[in-house]
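Each chain gets a letter, A, B and C, in the order it is written, and its residues are counted from 1.
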Amino acid sequence: MPAEPILRVSHVCKRFGGLTVTDDVSFDVERGSRTALIGPNGAGKTTLFNLISGVYPINSGSIALEGGVIDALPSRKRISAGLSRSFQNIRLMPHLSVIENVMLGQHSQASGIVDLLAPVSWQRHGRWRRMAEERLREAGLDVDPDGSVSGLPYGVRKKIEVVRALMSNPRLLMLDEPAAGLNPRETADLSAFLKGIAAGGVTLLVVEHDMSFVHDLCERTVVLNFGRLIYDGPTRGVQEDEAVREAYLGSRRVETGSAGRAA
Amino acid sequence: MSAPPASPARRPAIGQPVIIAAGLALAVALGIGFGGKVIAQQIVSGLMLGAIYMTVAMAFTLTIGVLNFLNFTIPTLFMLTGMVAWGLIHQGWLAFAGGSAWLVALLIGVGVAVAASLVVERFTFRYLRTRHGDATEHAIPLVSSLGFLLIFEHLVLIGMGSESQRFAVPFKADIRIFGVVLGGAQLASMVLAVVIVAALTYILKHTRMGRALRTIAENPDTASLLGVEVTRIVPVVFILTGLLAGVAGALFTINYSDVSPFMGDHVGTKAIAAMVLGGLGSIWGAIAGGILVGLTETLSIHFLGGDSVQMTVWGLLLAVIILRPQGLFGTASIGKGKM
Amino acid sequence: MSGYMSGIVAILCINLIFAYGIYVTAAAGQLNLGGAGFQAIGAYAAAWLSSVAMQPIWLTIPAAMVITGFVGFLISFPVLRTRGVYMVLATFAFAEVVAGYLLRSKVFGGAIGMVVPDHIDVPVLIGAAVLVTLAVFYLMATRLGLAMRSIHDDEPVSSLMGVNVRAIQVASFTLGGAFAGLAGALYAHHFSFVEAQYFNSLLSIYVLLFVLIGGTQTAWGPLVGSLFFTLIPELLRVGGSWRYVVFGVAIVLMMIIRPEGIVTRELVARLSPRNWFGGKRPALGERHAG
């Protein structure tokens, strides 16, 4: 394995108006690792995801993916660079069916003119559709592929979003609170599913509040507070860290139970 | 994705009326200085027209500012006032009022406009609180309002025909200042327009109702969290809309002594142009925009001929939307739909 | 076919093509309230090429499409800087400027209009309408169509999925312009006369209503919307202004009952032939278990 990290965030700053939401944040994500990004509400975790995936430009610092700086890359090109993500609030397309949502995830893989103009919706046994159905099945999603996504249970939609993110064959998969709103059984399922994905060579970077999920899934944890990085090390050490305890004190303690979810 | 917290650098409110007044004084002075009486007369006519436009533009800007809704029924509310007033007199139902029948007729006309506006509220906004979260969602109340535009306009056509009608007002007190003729009706309407604008500005700034409206304008969800009863405030917007459009219609009728089922179309489109020019959601913007459009119209008729108006006004509007979408005084965030 | 019937069919075909021109931008989430401006450009381009430049129909119509498509391409860049209500107003203003120019221009006959020498008949209009309809159905079934629909639902996420949002929006304005131009050219050649007054703001409003009432989620929308609003007044046998009152009431009711349009994806799925026999559709697991 090369020593070069898959993602290197160096001295990243982001300001909205006068408010600094990300202040000189630096950390590496090792290739093949499973890393958690935690912190109290408003710590800047989702903002950092948005900066890495290119929703907003950064003010200073730099972000490198597999050694190449991606600061200037528009968000639509970052997915073909090997970076894919899910969203804190489910962002599936409400008017697309399950399979269409998943197939949208293939867009970066199929953007040649021939692929763009092939009538994928009519090719019920076409290559792209079979690939998408297979991924749904692997994820244990037993849903009508042509059904609407809107009526499906929360946990199922959450998982479809992960499957959609996987369709671009990412090397780095960023998940924003994948376990939020799931019951303990669904959470355990998701953890096992994500471990399988990681075993297949995909690096995981996960924002999560549920500390038991983080303990189960991620060997390493990065903690943000008020836009600053306050901890970067093994997940085991998080609860013992003075700065982290202080950050969570007042709002709530870092709990080991799954009750540690923010409202 | 949470939107970046906005930090609107608001201009001090006192600045805007001062800017407008100074600009106006300059325009009039320059017009009189260089163009003499003819141009001065054009400028005065433009200002009068502008007073009508700005009143209608305020109706538009209010519904867009508070509800993010481009209400296409406003031109028909404007027209309803004039046509209802004419119809009442034409039928002889106001004979009892004698010499002030015209006033009673116009007041009833304004009342009808307000009532019609509430009907629109009942069938558009109450049902259509947007809930679909896609790019064309803001089109839904807009489409309904287009439906009402057709209904009102064609009901009037059926009831009263498509002819343009005379609506005589029994006074004609022209005033001459430095040789420029000021129509009495025009002057009265200008004053009334200014009074309404001032009253509305006061309401928005200093009353509980105004604060509630501004809270909704900023964020409907937060507003309901803060205890603003959105469902009770929304009809107020529609009452004010009907009132502004109706009063503008009455002023127009008094000024031009002429009503027709299509009188709202022309004024309505010019008022939209005025609103965009001033900036969506900005009251002072609507005022400045109304005056600018009125002046542009009369001056481009004077210099370029009557058929040039459509191109100059809409060309100016297109340029403003593209180059400076926030207009003169607006904030860029209004009217963009959600991110 | 009686003259009355063929008149209805002709206007239906032209409006249908026109509606698809507006639909391809609406399907990608962009509202175009300036349809009449694009149709006018197509009509006047064909009229000028036919009457002044004396070109044959097989050249005037494609040329009108190319010209209007190019105008759509050019205007998309400034228009796409705007969104929401601003886009509605910008496209509306564009159409007003076009109409204002045509009314004034000496080259295009000003307020008098232009006579178009070459005539085309109803069967050609039907053929063109069928072709355009099939083309749009095909487009919406492609991955490009999928990307357009995803932009309609959620622009930033589409971009994160690798969709080139800007390029697709520009393309949809260009294609929409070409379709509207085709509708204009067919109008000019069928009615043998064009006048700027026909291409007014009310026309822009109607065609956008066809699309929004029909529904923007599937290619069925404009077809059903155009049919609905062309045929309902005929079936109700109301004339004059009452027709528009009925039209207005139908719009208001439709927005209350079906705010996403008559045809939604759910409706299409429910009416799909796959559901005609044996109620529930198979889930993935069931289908592959057997």
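Keep in mind that, in the parts below, a residue touches a chain if its C-beta (ideal position, glycine included) is under 8 Å from a C-beta of that chain, and two chains touch if they have at least 3 such contacts.
Only a predicted model underlies this, so the values are computations on that prediction, with no experimental measurement involved.
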Q: Compute per-chain Cα centres, compare each with the mean of all protein Cα atoms, and return the closest chain.
A: C
Q: Determine which of the two chain pairs, A-C or B-C, is joined by the larger number of C-beta pairs in contact.
A: B-C
Q.
Counting only Cα atoms for the centres, state how far chain A is from chain B in Å.
A. 49
**Q.** CA centroid of chain A to CA centroid of chain C, Å
**A.** 40
Q.
On a C-alpha centroid basis, what's the spacing between chain B and chain C, in Å?
A. 31
Q. If you look at chain C, which of its residues touch at least two other chains?
A. 152-154, 156
Q | Multi-chain contact residues (two or more partners), chain B | A | 1, 132-134
**Q.** Multi-partner residues of chain A (each touching 2 or more other chains)
**A.** 55, 87, 94-95
(Q) List the residues on chain C that touch chain A in their complex, please. (A) 138, 140-147, 149-150, 152-154, 156-165, 217, 264-266, 269, 281-286, 288
Q. Where on chain A does chain C make contact in their complex?
A. 53-55, 74-80, 85, 87, 91, 93-97, 100, 103-105, 107-108, 110-111, 115-122, 128, 133, 136-137, 141-148, 164, 168
Q | List of chain B residues in touch with chain C within their complex | A | 1, 64, 68, 70, 123-124, 127-128, 132-136, 138-144, 146-151, 153-155, 157-158, 269, 272-273, 276, 280, 307-311, 314-315, 317-318, 321-322, 325, 335-337, 339
Q. Along chain C, where are the residues that touch chain B in the complex?
A. 26, 29-31, 78-79, 81-86, 88-90, 92-94, 96-97, 99-101, 103-104, 111, 151-156, 201, 205, 209, 212-213, 216, 240-242, 244-245, 247-252, 255-256, 259-260
